[in-house]
Amino acid sequence: MNTNNTLVSILMGSDSDLPTMKEAAAICDEFNINYEMKVISAHRTPHLLSEYITEAEKKGVKVIIAGAGGAAHLPGVAAAYTILPVIGIPIKTSTLNGVDSLYSIVQMPPGIPVATVAIGGGKNAGILAMEILALGNEELSNKMRDFKKKIANESIKKNEGLIERLKD
Amino acid sequence: MNTNNTLVSILMGSDSDLPTMKEAAAICDEFNINYEMKVISAHRTPHLLSEYITEAEKKGVKVIIAGAGGAAHLPGVAAAYTILPVIGIPIKTSTLNGVDSLYSIVQMPPGIPVATVAIGGGKNAGILAMEILALGNEELSNKMRDFKKKIANESIKKNEGLIERLKD
Amino acid sequence: MNTNNTLVSILMGSDSDLPTMKEAAAICDEFNINYEMKVISAHRTPHLLSEYITEAEKKGVKVIIAGAGGAAHLPGVAAAYTILPVIGIPIKTSTLNGVDSLYSIVQMPPGIPVATVAIGGGKNAGILAMEILALGNEELSNKMRDFKKKIANESIKKNEGLIERLKD
Amino acid sequence: MNTNNTLVSILMGSDSDLPTMKEAAAICDEFNINYEMKVISAHRTPHLLSEYITEAEKKGVKVIIAGAGGAAHLPGVAAAYTILPVIGIPIKTSTLNGVDSLYSIVQMPPGIPVATVAIGGGKNAGILAMEILALGNEELSNKMRDFKKKIANESIKKNEGLIERLKD
Amino acid sequence: MNTNNTLVSILMGSDSDLPTMKEAAAICDEFNINYEMKVISAHRTPHLLSEYITEAEKKGVKVIIAGAGGAAHLPGVAAAYTILPVIGIPIKTSTLNGVDSLYSIVQMPPGIPVATVAIGGGKNAGILAMEILALGNEELSNKMRDFKKKIANESIKKNEGLIERLKD
Amino acid sequence: MNTNNTLVSILMGSDSDLPTMKEAAAICDEFNINYEMKVISAHRTPHLLSEYITEAEKKGVKVIIAGAGGAAHLPGVAAAYTILPVIGIPIKTSTLNGVDSLYSIVQMPPGIPVATVAIGGGKNAGILAMEILALGNEELSNKMRDFKKKIANESIKKNEGLIERLKD
Amino acid sequence: MNTNNTLVSILMGSDSDLPTMKEAAAICDEFNINYEMKVISAHRTPHLLSEYITEAEKKGVKVIIAGAGGAAHLPGVAAAYTILPVIGIPIKTSTLNGVDSLYSIVQMPPGIPVATVAIGGGKNAGILAMEILALGNEELSNKMRDFKKKIANESIKKNEGLIERLKD
Amino acid sequence: MNTNNTLVSILMGSDSDLPTMKEAAAICDEFNINYEMKVISAHRTPHLLSEYITEAEKKGVKVIIAGAGGAAHLPGVAAAYTILPVIGIPIKTSTLNGVDSLYSIVQMPPGIPVATVAIGGGKNAGILAMEILALGNEELSNKMRDFKKKIANESIKKNEGLIERLKD
């Protein structure tokens, strides 16, 4: 696996999804994995989506991360055009808080899975992508082990000064 | 409008949706409107779907009725490929009873509407299609007025013997 | 179809629904379709509603767009009085976020459909109305095709500067 | 108050609601209060509904009990035509179990209340009607006190043999 | 019925419910009906509640309006101690928006109804109480008819300047 | 702690709750802890409930287990009358599957907790009671440790023949 | 029971849960019961969690209070490692308002109960812990009785000036 | 990647989850990928779970599929002990239909993702695992392409005789 290639494609239905999606990108940056990021709508530009997915697979993308809100079809339609694993991020919505996005992404019919993370789970989508890429890659595996230790240590450090904060 | 043409296209994601979709077909039959009916999956055969929708519009279809369950993308993806009105039927599901289907169909983003009817609402999808087709068609309008009178009368007739049934 | 006529009627249960409903009106304006807009309550002025709907149909209105919130009866009761297609907009509510409005509008019984759009979906209600009116109208069809191209282009343009915004 | 008059009107949107509505009727029978029962649809026969409600009020009906399922508009539309108290029964539905009916009935806008009972709560609708009629009626009040004692005793009696039933 | 008596009792589980409950009081004031208002908790002061309800019934209260939030037991427990009609108001909660309150109030078991109004429906609780009191009271009936006309007129007046507000 | 005393009181709102409640009783039997079981309704026999709880506390009951469905007030009202820990079991309901029961039991206001277990969680209510009683009781603690080992072993044993069952 | 020991352990999945958890600590302070408080994550530091729970039980902790949000596994996993009663607090979440936390905590499988309190119910978790500790402790029982009187009195005092506040 | 190794581990919280989990196993069989299957409970045998996961990773397992119902902690706790991708299957439950399982699995906190599939989505969990394994494996990629063609063809074939079935 040539890590100079773009290995991850980060797609979103609308640029209003960027605050969530950039957390996935930040993880790729942290693990030094190249990604490309695109606004591409399953509803407004459906032909572009099918072309893009086909291209991405050909040029070596390994994992697709797609976020969408409401009737969130982007991850599922992306999955329809590829055999690559597709990670879906349900974007929080202003009316149904993302339950609509969650159901639209996770309840895929038999044959076409979408690996769904939490509502607004941009960071976890990135981590899941890294876990998948790490399977055939010792260096990335080691980084992932370090990452897990880091978040464990951050969790432990949160105990410092906890009692003092009871008085706040 | 030549009523010998196929004016309505009835699509479903899976043939297990047929019991709901045939109610839409039955309404077309009752109003003597030609339709075609297809199993076509937004996830398993996405290219077929885009081709089919483009063809349908060209050959004179006026209204598309699409039913799907779970992460129900068929109506929304169909709508992405056409300027025809698309009527979406959320199919009842065994786990979430069709709330997943409903949210996946009704919560479409600005720009690409799907005219959503009730969960399992095959009959109403058919009637809505007829109401749309009746707009430029006096004969069909009259049939629709008769249809509404018929269901009003059926409703009134349900009062016969009602009191007797209290003893059941 | 004489496009000088009022072809669309936009109804709302309360003037607090105006921010959503004006999006439907804006679409009519964009497509140069005449509409009239009314606050008319299924609960406070039921007789006015039945009179209004009957009148509207007579004077050439083709599509009714009705928005309401909570126990949202306006679209369904409007549909009871006409054979015109009725498009229902579930208004977001402060307690149940519009799930109450959605269920009250979309779950219509067999015989009387309401074409339901997303919670707060004023814009899509307008677009759906245009799609219906465009069925017998080449000019409007062309405008709709242009409109779809426009929103596709807007979607594509959102990619400009996307990577830069990752640093925000 | 002349108890020979019809004091309660029991309405349902469809005769499929009868199993729930007859429980309300049974309570009227138990308290010896005259009622009439009608299938009358807010959607299929809207004009009949407004006429019926106006008539009912004139001829001395004091309480209206209305049951409906799905987009359950009957109780709310009935309430729109009268100053009588309207008791709404959300009928259990096959898809949403009556949550749709509940929201469509209970979430009435300010100005037009519906006194909502439990999903499928035909019996309680009847009891609530009796409590209302009992306000100006000593005989009925006494019956209601006896009724409450009866159900208290029934509740207490359920303890007989309870321990034995642990072995079932 | 001596309208100098306290005819309505307005109870709330906590004084934080006051903003909702005062809308019920305002309706009583508007109809010139005496009421008393109390904070009384089914959980913190259960004995007081049973005493209060028994007293209230004895001294001539005709309708009890009770509001509570969360595991909202106040209306149901009040109903357990009286044969008076009890109107329940589900108070909006910060976590579940009042769905918890609604279910805790409306889903009463057979035998003990609570007449439930909308989440936060203080005004409608007051109006429903007035409708009940108006049953044996011509003067109050006339006021209610006037009230309904007033809200109808207010609804109609909201059309003034509606089109102008489209530009906002 | 004299284990000949009745240490657990198992209450249910209706004898239809018995299938769930007997699972709690079976755990008491398994741990050799005396209990008493009663049908006692917060709505039908409210005075009995307050008397019973006061008595139970006096005669040495240590834990109260209360199950109820729908607007499930029994556990919360029991908790209002005692300083003993009250364990609430939301009974599954035919309409809302026990979500109503769950919300009515778990969402108690500050001051009066109910220790809520899963919908239909009779067995876990019993185990939780045993864990509480075991706090000051070495023998019971040891039994609980054995019980946990037993269920661990049962879980492990379920692996026997698992692969064979793949062919079923 | 030596009340100089740490009798309560208050755990949280993240320090962002502190505002809820400190309410539990405040109750321990009010009842003069020693507790320790820790951020410990079932997901980021799972080994620490199992060690901590085993240690806590050995050194005399009697009740564990654990709060977590989202896929809230902390209370259930804590319960897996101990025979002590575990009280779970579902933390309110920004997307699902804590329904996710509630379901993840309360719906424990048979064998491993978690005593669940309301979403955000830090105070009630503390009170429930005190009720459990009070079982074998007369002094604590008396404090709990005083506490209940205090909150009863606070509830009663809220009636002062209530009518005046109607004018606000 | 030596395909003689066990590459997939299929875990379930209880053997009652087998009907769902065997669909994942069937996909592994269809793709000729070795797997092992275990009942292992995050709550009844927590130490076994941590040991097992650590072992599995060491001996070359690449993907973990874990199914659980209710407060479904198995997938999330498994993920806590490994850097391998974990696929979670929410098992349908008798009370909440699997919404509890879904929320307990998908709503994982930042740092520890679970790749969640549909409620009851055993088949898709298997396919997702194959997609992940296929990333570094041309043979498996080709099988996946064939698999997708196969399900596309099956979908197309469902059109045969569709019209005839309208008469059923």
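Letters A, B, C, D, E, F, G and H name the chains as they come in the text, with residue numbers starting at 1 for each one.
The rule is simple: a contact is a pair of C-beta atoms (placed from the backbone, for glycine too) under 8 Å apart; a residue touches a chain by one contact, two chains touch by 3 or more.
Note that the coordinates shown come from a computational prediction; the quantities given were computed from them, not determined experimentally.
A.B. asks: Out of curiosity, which chains are bumping into both chain B and chain F?
C.D. replies: D, H
A.B. asks: Approximately how many whole Å separate the CA-defined centres of chain B and chain D?
C.D. replies: Chain B and chain D have C-alpha centres separated by 35 Å.
A.B. asks: If you average the CA atoms of chain A and of chain D, how many Å lie between those two points?
C.D. replies: The computed centroid separation for chain A versus chain D comes out at 52 Å.
A.B. asks: Got the chain F residues that touch at least 2 other chains?
C.D. replies: Those would be 14, 41, 44, 70-71, 95-97, 99, 106-109, 111-112, 114, 118-119, 148, 151.
A.B. asks: Under the stated touch criterion, can you name all the chain pairs that qualify?
C.D. replies: Result of the pairwise touch check is A-B, A-C, A-G, A-H, B-C, B-D, B-H, C-D, C-E, D-E, D-F, E-F, E-G, F-G, F-H, G-H.
A.B. asks: In the complex, go through chain A and note every residue touching chain H.
C.D. replies: Residues 1, 62-63, 83-85, 87, 102, 106-119, 121, 123-125, 127-128, 131-136, 141, 144-145, 148, 151 of chain A touch chain H in their complex.
A.B. asks: Which of the residues in chain E come into contact with chain C in the complex?
C.D. replies: 92, 97-99, 118-120, 148, 151-152, 154-156, 158-159, 162-163, 165-166
A.B. asks: Mind pulling up the chain F residues that touch chain E in the complex?
C.D. replies: 13-14, 41-44, 46-47, 50, 69-73, 76-77, 79-81, 93, 95-96, 99-100, 103-109, 111-112, 114
A.B. asks: Please name which positions on chain E make contact with chain G in the complex.
C.D. replies: For this pair, the touching residues of chain E are 14-15, 18, 22, 25-26, 37-41, 44-45, 48, 70-71, 94-97.
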